[in-house]
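We just call them A, B, C, D, E, F and G in the order they show up, numbering each chain from 1.
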């Protein structure tokens, strides 16, 4: 794929991947449990965008299906981890702050 | 989980996930999807339900024991394979019925393969819920 | 024809489904017994067909090989299925007495039948990836059965069992991926010729990977740790079926793949196997000698005796393979039976720890006789099945001028005698430390029948094989021939395909 | 049987008529059915249905407007070296009653950058919001109530 | 023309994605980072999907793109709410600008959840 | 490309082996997830990589147009992922049980099945 | 057992009578064969048993086997008769009779078998049944120990024996014994002759308790006395002798054969006689004289001359008769007085006259006095010894010494208790019931009968036996009481003199011997040491290998894998590796890097949440790989599963403690890297050559036309490979049920 669309797709990929990398840095740094989860959540959404880009790039709408599923279920992990954070902190406040 | 927001969202999402999961299952033979993906998605709906409203409510909504669903799924998948015996074919030979088929168009396909995929769906759905409900209750 | 092959896999699954749906009532256990019996009938029919018509293959879904999944039964597969069915019948009857209602409600019978389904599937499939799937069915069912009951030592044993078996499973999967990446096929008969055009050096590497993956399943040195760590912990019916069948699936897989697919550099691979065989025999038997619990002793002996079967494969002569097949069949019957007997000992004498029991010879002579048969068979005394098994392998080793390995096999046989007599002396001859006289009459009549009938049946089979070995030897010879010259197998699977 | 359900039935009927089983078919059926219902509105008395659809459209448009504007605001803060944010946790009284309404309000508040719904109190009367630019909490409260909540009430709970 | 629009949307989406990522990285506390990531991430994905819809320009794809957006709009805030709630209830230290003093709500929460000293550096 | 991902798989394997050796069950679980992923990826890579052409047959065609990705390894990987999930699910429950009934997550301290010999 | 004979002397009813009648019938049956065999005919029956291995159910009756059979069944009958009273009312008598009868039948099978493998079967059966008999008093620790010892020693020999038999069969091309013998000298010239001989002798020497494998035999006295009588007279220990005799025609005549048998036999004979003299327990003393007899028999078998063979045949019968008789007598004494210690026995002759007579008759035969068969046996011994080609003086000397000692022992056992002193206080001995004295009397009388009428034995058994032994090369020498005034007679006289001297001084000698043997290493104690050592070694090894630590198990497993792959790579030479990075896009590289970074984060973090998040990153990375490389179905599944994994872990972690800080382990790190390298290298090598796409091509071509599906992956899953998928969903169900069971299982009653 070339032309303007091709170029913008390359830029799009670069940006999305770049944002994932930035999120990864946050994930590594933490410091709070929630920071890491938020970073992971952000990555999930970025993957949806990636799917959209891939669908265009390879002219394959099938990739949108990947995004579709992820958009629906991706947040479940966030919810579960948030619940973990809340509940485990009730048990041990100090511990989860340091996670 | 005593979150009003989550519970309210779950009302829509759980249903949405279920409907979506069936959609994914039925289209699986021709586009990405299928019984696994469907079952996993459907289960996610009830997992969310269980997280938001507790397993008691989720079990009540499901009405049937999840392990029963799973084992029925296995039975259905097996039956889909055994169905071929009626036609003298080998185990898991796909049997197709094309409703309103014409020269060019295959019409509306009904097949043992689809039944198999539904079995797969039920197995995955039931199994994951068996596991998640039990874990939620033990912890 | 394909249904002959499909039914042995289908029946236990159907049984599992029904057993699960009836798990809350006593019906469940009868479903299990009935299902196993039907399986036995099906496997007899299959065996009959294989004897009459040679190797038979069936294409599932009617897709031609190597594209679809082929189920194949040669003599080895057929006999393994048959033995599995026999053990299944025996254990499902035994379970009536041994498995409590709590376990039944949690789906014991369903899990058990799924395990059997997995074992049968593994024996009968002609597809490498499908073999992986059956391995997994078997493995995960065994996980469940192993920890059913939830006593802490079960959990502990379970952790080790699960951890190590998962590693093996993943290596197997990796191996399949790599082999597919080299040859582009998964059908084992097709692989037999496809590997010829592949890079032979690389193939050896893959062969070693498979050897290790199956080696863990088969519990050979130095990959057997999971077995002695766990086999003494679950219900007796469970450990009996584990002891009888699970490691044999690994041995079967080794036998199958290292005669059909990986026979390109036997000087290397089978020499490794020979070393493995020797070390496995010795380390296992020494392990047994160090134990003081009946089931632990028996568990280590599984390891030791797997060594004999590997020895047969390693020598790769017709007689050696014959011996390995004979040993395989004999060992399943005998070892399962010994674990069942240990269960009776536990029930009537209160333990399997040798120091804490005794007096069984005096007060339970019938049990004593039932123990002696498999125990002496395991130790290789004539005229029991184990004698012929040992005889054939030692003869094969001597014929092949494997003096040292033959010596090891014989010496290990002696140490096996030592272990068996240790159990005998301490559990049967020695008086019970608490002064009680354990008798079978403490069992309810239902339990007595449920426990002793299968034990007696298996013991009778052991004696029968021992006294009338000829048909079995003939059979083993024929299956060894099929293994060493797989052309019939390949032709049955691929037909006129290239 | 409310009007929405009727509309769905019409859509399905449309699919049946055309024989094209696809999402496109279904949606075109829905739109056509909507038109049909609107025409026969006096006959079946479904005026609130149409009013609400209008409110929904307004909600969607206003939401996107808010989303873009406040996104730019936040983006600006991210891209400039100094932190302009004046974060605070504030409580907003809630008038919206139904679950759906609460969900919509909180979601939309969360989706517009600068504000994040943290939690709804047990009695459903107050919403805890984290605001990024909370120099004037009262003004913020008012804008949330008159903006997002009003639109939602119109769309969901209006009669 | 549609290619230009699509390309523009995609680039814009990409830029927002990076901004979201940057926000996640450099905003001072977790709640503010969530402002950046949840919303801007959503926006960025929406833009890219819009571009996608424009390229394919078939109802099928448009519906799918819209569905994805709807799903994200439905789920992302719920996730954010759960996270935010856990931040507050577990007492993760929050950043405070000196211009905005701690209000009653915050003080109440601090006591309720045993929050350590709220940091106050910029 | 395969080369690149073979290296990636190597790193995954190495990390997971280290984690599995760590004598802590939670780390073991982490390692298990990683090594399962590595195995799945191995099959995928061994089936060769093709970008941008999913194994789908377009409407109206009888067979795929042009080169598409190898479908078989995809099916195998799918199967392997689901099986891996089943194994993982059991493993994590087992770890949980180990903690509640043995009160330990360090398997080397679990000596119920194989008690330490009292030295004679 | 002490305190007199059982009050219930009628025996054990049917369980007692049936075996006696059975044994008697067998004896009668063998007697009926005597005329045939005496006419130097043989009887052979054979039916195929394991034709596929050429093994037959073949039996051969010739002189040798008939002699043995008669002894076994005859003595067996008497022993059973005796036991029925001896153990009257014993709760486990039925088992005893069963084992004893089984033992007798096994022994008969052993001596009649004409097939190597069949012979071995019976050989092992005698081992098993004797194990059960020796351990009959199983509640005593000593019994159990000694039974194990006997089993272990003879079992060990048996295994060597088996190896020998297998080699012998392989070399001869047949398992038929008569077939092998018919092959003449071929075997002796075969390269495998020596190994075969060594292995066979290892079996026979242990079974017939040749020094230094003798230690188990006296310990086997733990068995009830009738068992000892049976085992040590005609059976068990003679099994080894029998086999050497049987193989004599095929294997004797070489230097190895000659010297091995001669030396072992002579040493055993002398050594055992000295030990016999040392004993104070009557049964022990008899046990050692058995050893002496076995040594002597072995010594004869080493030779080839007709004298030696005749001596062998005669002494075999002699010994069986008197030894069985004496053991039974000792049993009577034991039951009657409650002791078997010589010091505590005296003056029994008047109170137990019949027993005393039986003892005297047997002892005289044993001591070699005329006109007993023992005398003839002894004469032949000397004649045989002198006929030895190489070292006649040495052999004769050994024979002289052992015979003298034997005479002394006979006195100690059968003379002293009856005819000297008075009954000690506290004992009230009385005569044994007839069932118990019948055996000794009959056996002892036979010794006298054959002594007086040697022809009776000569024609019926000795001649045919010698033919069996020599293969008709040598003729049997004539048995006669008076063979003229010759060197053997002189030696006989010397024996009497020396023997009587020893008897007169035996108490002092015993003390001396006790000191000497105390200084010698004791193999019986050695056995305990060996067993302890073995157990300790086993424990040590097992503690090392199976140390109970999962981390060691995993380390060993991974080490095996890594070493297996890497060493094989080295062994085979590195396969072709194609490093092709030309088609790598930055996207691929960054996805790979992301995945790797996730893995490394999971590796190093001490935070559980970071760990889970890292797994999530890896999952995302892998999903991206699936997306980029055209696998949408897989990518969806991967993401769904990854999500569920996070959910499950987060649920479980609610109850788990946080991660401890990980310490860096260099060994682990090295192994991990090795594993990674191994997998990477192999995979790279695999993908360096092109892939055959036959299967995929077929799927692509048929997916729509034949399976009506456009998503090829799904069609493979639900149609082409539906069985895989079925198995897979079975795994999922089972996993769920298993996990459910595991979660619920510890609740009370096993169910919620």
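The definition used in the following text is that a residue touches a chain if its C-beta (ideal position, glycine included) is under 8 Å from a C-beta of that chain, and two chains touch if they have at least 3 such contacts.
No experiment lies behind these values; they were computed from the predicted model shown.
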What is the shortest path, in steps, from subunit E to subunit G when you may only step between chains that touch? 2
Please name the chain that ends up farthest from subunit E once chain centres are defined by their CA atoms averaged. G
Measuring from the mean C-alpha position of subunit B to the mean C-alpha position of subunit E, what distance in angstrom results? 33
Hey, how far is the Cα centre of subunit A from the one of subunit B, in Å? 27
With centres defined as the mean C-alpha position, give me the subunit F-subunit G separation in Å. 49
Rounded to a whole Å, what is the gap between the Cα centroids of subunit A and subunit E? 11
Contacts with two or more other chains, residues of subunit G listed in rising order: 539, 543, 546, 548, 550, 554, 558, 608, 614, 628, 630, 632-633, 636-637, 640-641, 643-644, 647-648, 651-655, 679, 683, 686-687, 691, 693, 695-696, 699, 710-711, 717, 719-725, 728-740, 742-744, 746
Two or more other chains touching the same residue: where does that happen in subunit F? 20, 38, 40, 42, 44-48, 51-54, 56, 72, 78-79, 82-83, 86-87, 89-90, 93-97, 101, 107, 110-111, 113-114
In subunit A, residues with contacts to at least two other chains: 13, 20-21, 33, 37, 39, 54, 58, 60, 62-63, 65-66, 68-69, 72-74, 76, 79-80, 83, 85
Which pairs of chains touch each other? A-B, A-E, A-F, A-G, B-C, B-D, B-E, B-F, B-G, C-F, C-G, D-E, F-G
Given the complex with subunit C, which residues does subunit F contribute to the contact? 20, 25, 28, 32, 35-36, 38-40, 42-48, 72-73, 76, 79-80, 83, 86-87, 90-91, 94-95, 97-98, 101-102, 107, 110-114
For a test of understanding, state which residues of subunit G touch subunit B in their complex under the given definition. 632-633, 636-637, 640-641, 643-644, 647-648, 651-652, 654-655, 707-711, 714-715, 717-719, 722-723, 725-726, 729-730, 732-733, 735-737, 739-740, 743-744, 752
How about subunit D: which of its residues touch subunit B in the complex? 99-100, 102-103, 106-107, 117, 119-120, 122, 124
Residues on subunit F engaged by subunit G in the complex (per definition of touch): 1-24, 26-27, 29-30, 33-34, 37-38, 40-42, 44-59, 61-64, 68-72, 74-75, 77-79, 81-90, 92-97, 99-101, 105, 107-108, 110-111, 113-117
In the complex, the residues of subunit C that touch subunit G are 13, 20, 60-61, 63, 66-69, 71, 100-103, 105-107, 110-111, 114, 117-118, 121, 125, 127, 129-130, 133-134, 136-137, 140-141, 143-145, 147-150, 159-160, 163-164, 167-168, 171, 174, 178, 181-186, 194, 198-202, 204-206, 208-209, 211-212, 215-216, 222-223, 225-226, 228-229, 268, 283, 286-291, 300, 361-362, 365, 376, 381-383, 387-388, 391, 394-395, 398-399, 406-407, 410-411, 413-414, 417-418, 421, 425, 428-431, 469-470, 473-474, 477
